[in-house]
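Chain naming follows the written order as A, B, C and D, and within any one chain the residues start at number 1.
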Amino acid sequence: MSLQMDAAELMEFLNEVFPQVQEDFAVEGLSETEISMRLCVQEKHLRPGGTVSGPSMFALADCAAYAMVLARIGRKALAVTTSCSMDFMRKPVAGGDLIATCKLLKLGRSLAVCDILIHSVGQEAAVARASMTYSIPPTR
Amino acid sequence: MSLQMDAAELMEFLNEVFPQVQEDFAVEGLSETEISMRLCVQEKHLRPGGTVSGPSMFALADCAAYAMVLARIGRKALAVTTSCSMDFMRKPVAGGDLIATCKLLKLGRSLAVCDILIHSVGQEAAVARASMTYSIPPTR
Amino acid sequence: MSLQMDAAELMEFLNEVFPQVQEDFAVEGLSETEISMRLCVQEKHLRPGGTVSGPSMFALADCAAYAMVLARIGRKALAVTTSCSMDFMRKPVAGGDLIATCKLLKLGRSLAVCDILIHSVGQEAAVARASMTYSIPPTR
Amino acid sequence: MSLQMDAAELMEFLNEVFPQVQEDFAVEGLSETEISMRLCVQEKHLRPGGTVSGPSMFALADCAAYAMVLARIGRKALAVTTSCSMDFMRKPVAGGDLIATCKLLKLGRSLAVCDILIHSVGQEAAVARASMTYSIPPTR
């Protein structure tokens, strides 16, 4: 029940393994069972009209859940997204950043499950919800 | 943002429309955005070994979300389950009741979305999570 | 890529492990990657108005996917439902049986994934779709 | 039950509304109930190791389902993704294009449901499956 990486180590690790996305995400908070991850919204994330695209929200949920799991199992370990469900409930605020709040519901030997709520910064009603399942391959 | 029925009216309504399930479920708590629903576990809900079956947990999540939506839109209205996702995370405690805690994430004109966590009574770690989407037909 | 049980052995095994449901389900067809499973609709499966309930459709999808996986990994093995998603698309025909057609999309060492379409007997348009994921514990 | 746009009109429309993604996707085939959509895999879609990223596969599934619905309801209409579920089953072939085969399971007045299988070009086993639900706002 303890963290293998703190927020700074986690960001360093994500930047190493996903160099393409390092400008997109920032860890805002981290505990043993919860992480907050920001999507720094840029032109490339938008649909015409200024709304953040579905794939960008998926990427945010996936990145938050992946980081949560990695923070607990450590950087030597692997985790692969195996399934996901998402509900898109409201339009994000045009051009504003999004924050994913991700709770770790289960961390088993071979499966981890996270629940994610996504909000536009400063708004109370959630924009989307997601659940993400990761498979954790056995270490040798 | 107000309730159209209180917990007692809600139970009365559920007993009316689902006479077959009236021994199975009990409203434990109700607010404008959250409901707690108990599955009174009986022989018929169990798999060999004493574990509550998946379909019984689905029925609990569905009933909780349906009741939450009805409490808000009122008994004249209709709501139909359109989609659901569930993750089964741990074995329920053998023979023990289950409690679903259901949050209303969205109540739009035509769609409602609920998030549900299911626990064995007295256990901290959730047994299952679910999200349920309801379609609300237009009134005429 | 071969079956460990034929349809008769599969039904026998299901009747053994799920004695409560043996009147409900019947294997209608089985190949190495597909199974057809009938829900023999009875009073207990119905909602007022004669429609088959959501939990009954969930049970059918779950049973079909479980049987498909078991037919491939054999009766000594275990498989546990870990996640599911369902879309309820149309009302089933009142009082009519339902048929689930289940395709095995993946059978890995630790995870199996199935895709299920449910039809009312004799109707072309599907009543519901589901995907089911099973965890296969390592044998010792 | 007829198409409002053919494949060329559909591509033209997608290029208009999603100018950012016009290099990414190509309609490979279109009928009244099925569409094939190619993801023209580029550097930006890859994870380290050459695997196509989860968000890129989500984008492909979403684009295929959106195009299928638009082909049927026409360009004056609107459709908004409301929910999605995906299972990631195998690693895509490194650097190879992906093809989504999307079936329209339901096209109601207010909801459409699509089922999608994603393959690496030339491979028989599916890389991922998805289901996508769209809300179709009433026309005025």
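By our rule, a residue touches a chain if its C-beta (ideal position, glycine included) is under 8 Å from a C-beta of that chain, and two chains touch if they have at least 3 such contacts.
Chain by chain, the UniProt names read as follows: A, B, C, D = PaaI family thioesterase.
A quick note: this is a predicted structure, and the numbers were derived from the prediction, not measured.
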Result of counting contacting C-beta pairs for A-C and C-D, higher pair: C-D
Distance from the mean Cα position of subunit D to that of subunit C, given in whole angstrom: 28
Distance between the centres, which are taken as Cα means, of subunit C and subunit B, whole angstrom: 23
Rounded Å distance between subunit A and subunit C, as computed from the means of their C-alpha atoms: 33
Contacts with 2+ other chains: residues of subunit B: 82-83, 85, 87, 89, 133
Chain contact topology (line, ring, star, complete or other): complete
In the complex, subunit D residues that touch subunit C: 85, 87, 89-90, 105-106, 108, 113, 115, 117, 125-126, 129, 131, 133
Footprint of subunit B on subunit C - complex, ascending: 17-20, 44, 47-48, 53-56, 58-59, 62, 80-89
Of subunit B, residues touching subunit D in the complex: 82-83, 85, 110-111, 133, 135
